[in-house]
Each structure stands twice: as structure tokens, then as C-alpha cells.
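These notes concern the structure reproduced below.
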Amino acid sequence: MTGRGGSLSGTGLVALFVIGAVGGLIGDMCHVESGTTVYLEDPLPYLWKSQLWFPLMVGSGTVALGWIRVRLDGRVRAPERGALREGAVMIAAVVGLYALTALVRGEPQPAAIVLVYAVAAVIVARFATAPADLVCAVLAALFGVGIEIVLAAADVFMYAEDLARFAGVATWLPGLYLAYGVIAGQLALLFSSRPPD
Amino acid sequence: MTGRGGSLSGTGLVALFVIGAVGGLIGDMCHVESGTTVYLEDPLPYLWKSQLWFPLMVGSGTVALGWIRVRLDGRVRAPERGALREGAVMIAAVVGLYALTALVRGEPQPAAIVLVYAVAAVIVARFATAPADLVCAVLAALFGVGIEIVLAAADVFMYAEDLARFAGVATWLPGLYLAYGVIAGQLALLFSSRPPD
Amino acid sequence: MTGRGGSLSGTGLVALFVIGAVGGLIGDMCHVESGTTVYLEDPLPYLWKSQLWFPLMVGSGTVALGWIRVRLDGRVRAPERGALREGAVMIAAVVGLYALTALVRGEPQPAAIVLVYAVAAVIVARFATAPADLVCAVLAALFGVGIEIVLAAADVFMYAEDLARFAGVATWLPGLYLAYGVIAGQLALLFSSRPPD
């Protein structure tokens, strides 16, 4: 890699996995409790309201996105308000957007979709600092939405039929993944060591 | 004008018109689909869910507000996070507020009104940089709400009867226009050239 | 006290009381109108939708938290966007969160609770500038939630039975008080005079 790439310690990778897994569990609980999503098969044990594969997938995805982000462009700017506070704002923003997608289930879907994408756009534009963040956002949306489309088609789980959907998943889903991808990458930057030069 | 006034190129004016018209179409779609507003007369063709005069009015209003803002005080500060990202945050914030006004139709109206004005106040206080922004906010509210009151009285369109209303329009409407006025002016600053001194 | 403590003028204390009392009246109106809370006893006259003790309690609490915050650590940083605009953003953020807690009454409670705590976390992490802010947040939550638990147990008022509750109060209530505590302290800093050194 070029000199712009930074690196993540083992502790950083573990932190990313835990944040992703716990955030995924909280958000999935919102989706399950609101009936937004329903697990149709349960080959694995449940962890809280989720099939075990779900937090493992979100945790691993967060590690992968973070690793890619730091490799692509590891240059770290001083965060606007201290790393801890900046990280807390970023995590809370994505978890809040996740909960919002559960709350709009019974609402008029066009307005719900516009609101989710608007909040996602605020998060992306507020926290992205380099083109590498957009790479992470697009990768998260492609792989996340793609995997969910496959699993919904395989009847592993389903999105409620009263939601606006495409290919079996909620129309607002790409917005949630775009925001998540940027934050996964930015959290990794907070945990990374600076590039050599 | 004094030396504080800046200027807008033709490209900037076109960009303001397009942003206003497209944003208006998206927001109006939310209002129509949620039953918040209903067109009662359709003398012109529909564009998406809107009578053609609606996007033309919002686009023209955005150009007018932007032109006024830049003439009143064209001094540009470096935006906090790059012009493109700052513009994206501003547009997404107002479109999100627009969608929110559609989503609160069936909710308890007093709390809905407080939430809309609170979000509008955050947008105004977050993005306004000079007294000229408040001029734009007030102009947008006076003309926007005024025109809607006249058109509602003329039975061109109506706000749903289950909304809290005054003079035929939603009680939260001035809040939406105040936020829109500030953002129209600030977008114009992003597109403007600096004043001479 | 140490040299880090600042001081509040009488005007500052009055301003804090008025902001707290008026904000409390607006938020309580949202709760009463949405049926989130119901007054069961009315020994005192009503002011708008609130028993008179409520705005007095919130106003006094805001003064107390502000006084504590300034004494603990009165060092003032220049606010990011001017004191007036920063104060307006902070007040609007907490009033908006207050209104949000009224709007989520009929929604799936787990997602509603996650959204309220996520927004509260954004407010805390966005506006806190020192450990003293967390002291104020915890004090507000302990005393605010504690007093409400006692008053609910005494049947002075009640939270609606269709809310997720603990000890008679809404599960999201600590989140609202945590955000309020930080903002009460930060508003006091805006009104305070700098410490001597």
C-alpha cells in the first residue's frame, strides 16, 4: 500500500467488532419488536432478539469496512470534539437512524423513505472526510443490501409486507447501510495509528 | 449596493432553481402521499405528484431568496466542512424536515408542532451566519405562508382537516419556511463569488 | 472553590429560571396533550397545561444545575457559533427531544426508547465540554427521575399505562433528563463570567 494507509491494532479490530455486533443487536431488536422484520428460520440460537449469525455478520462487516477505510486513506484529522465524544455522536447517530427505520413502519411510506434517506445524507455529509468514506458507504450498501436480498429470497427472514420494499427488502435499507458504512470507517480512523509520514 | 454585496453567476442561479424545484417536488410528494395536502384544482399538468406551478414557485423562490441573501451580505466564510458537504447537509436537513411534517399528520398535533419548530430552530441557528439570514427566513415565511393561505382560501388545494391549522394552512408551516429561507440563502452563498474587498 | 470556578450574575440566574420554566411548560404541554402524562391531583392552579409546581421545579432545577456547573468548572470556551446561536441550538435540541418523547407514545416502545436515548446521547456528546457536564447530567437524571418516581407513587400524576415504564415512570425518562442536565449546565456557562485566571 501507499504511504497514506494507516494500521489498526488488534484492540482496535476487537473494538470495531464489539461496536458493530452490539449496535446490530440493538437495531435488530427494534426491527423484530416492531414487526419490521421476522426471522422465518432459526438454525442457530437466538442472542437477545437476533439469530446468532446477525450480530456476527454486522460485527465482521464493521471490522472489514474499518480495515478497508484505514488502508485506503489512513490520514487522521483531529476530530472536532475529542475522539471519545466524536465516536459517541457517530454511534448514537447510526443507532438512532436504525431505531427510526423501525418506528416508521406504520407511517406513510414515501415520507418515511425520504426522512430515512435525508437523515442518512446528513450523517454521510457530516462525518465523511475523504473519498474513501464514500467507498465504504457504497461497499456497505452493496454487500449489506445484497446479502439481505439473498437471505430474504431464501426465506431466512422477511420484511413486513406493509413496508415499501424492493427485491424483498425495505426501500429505506440502502440509506441505513450508506450511513453505517461511513461511520464504520470513521470509527476505524479513531482507533488507528497515524500513517508513517 | 455596498461593497458587502456579492454576486451570483448564471450557473449559480440555475443550480438554486433546480435544487429548489427538485426539493419541492420531493417534499410535496410526501405531503400528497400522506394526505397532508390535496390538490383541489388541476389547471396545469402534474409533474410527479405536484401541479406544475408548485416546483416552479419553489424554484423561483429559492433563486429570489438566494439573490437577496448575496446582495444583502455576500461575505463568505469558509464552510465548516467543504462546500459540497456543507451544501449536502443543508439540503438534506430541510428535505428531512419537509418529510417530517408529512409523517406527523396522524400524531398529537401540539407535540408535532413543537417538534417541527424545534428542528427548524436547530437548522436556523446552526446554519445562519449573519442577520441577512434572518431576513431571508422571514421573507420566506411571509411570502410562502401568505401565498399558501391565498391558494387554500381559493380552494386550489387544501391541508387535511385533521391537522392543527390557521387560516387554512398547517400550524407548523411557518417553521418549515423559516428553515427553508435560511438554507436558500446559505446555498446561494456557496455558489456566489466573493465581494470585491 | 478553586480558581476554575466561575460565577453567575443575578440576570444569568433569572434567565436560567425562565428558560427552564418555559421549556418545561412547552414540553409538559406536549406530554399532557398526547396523554403521555395525566395530572391526578391539582392542589395548585394550572399554568397552561401544567400544575404550577411543575414549571417552578424545572426552572429551579435549571438554576441549580447551572450554578453547580459553573462552580465545578467555569472555564468558558468560545462557543462554536456565537453564544446566542449556540444557546438557541441547545434549547431547541432539548425541547425537540421532549416533544419526541410525546410523539412516540403509540409507537413500538423498544424502538421508541432506543431513539430517545440515541438522540440524548448525540446531545450529550455534542454539547458536553468537560467532566462537569456529566456530573450535571447524572444529577439531573437522579433528582429528576427520583422526584417523578415519588410523585407518581403518590398518585400526583401518572404516565400512561401503554408506555414502557419502570417504577411508574417512562423508560425513556432518564435519557431526557441526561440531555437536559448537560444543556442546563452549558447554558449557565454562556451566561457566566470567566474565572479569574
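As written, the chain order gives the labels A, B and C, with residue 1 at the start of each chain.
Here is the rule we go by: a contact is a pair of C-beta atoms (placed from the backbone, for glycine too) under 8 Å apart; a residue touches a chain by one contact, two chains touch by 3 or more.
Just so we're clear, the structure is a prediction, and the values are computed from it rather than from any experiment.
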| item | value |
| --- | --- |
| Interface sides of chain A and chain B: same vs different residues, half threshold | different |
| Fitting chain A to chain C on CA atoms, where both chains share a sequence, rotation angle to nearest 5 degrees | 120 |
| Rounded Å distance between chain A and chain B, as computed from the means of their C-alpha atoms | 31 |
| Where chain B touches two or more other chains, by residue | none |
| In the complex, chain C residues that touch chain A | 104, 107-112, 114-115, 118-119, 121-122, 124-126, 128 |
| Touching residues on chain A, where the partner in the complex is chain C | 26-27, 29-30, 33-35, 81, 85-86, 88-89, 91-93, 95-96, 98-100, 102-103, 105 |
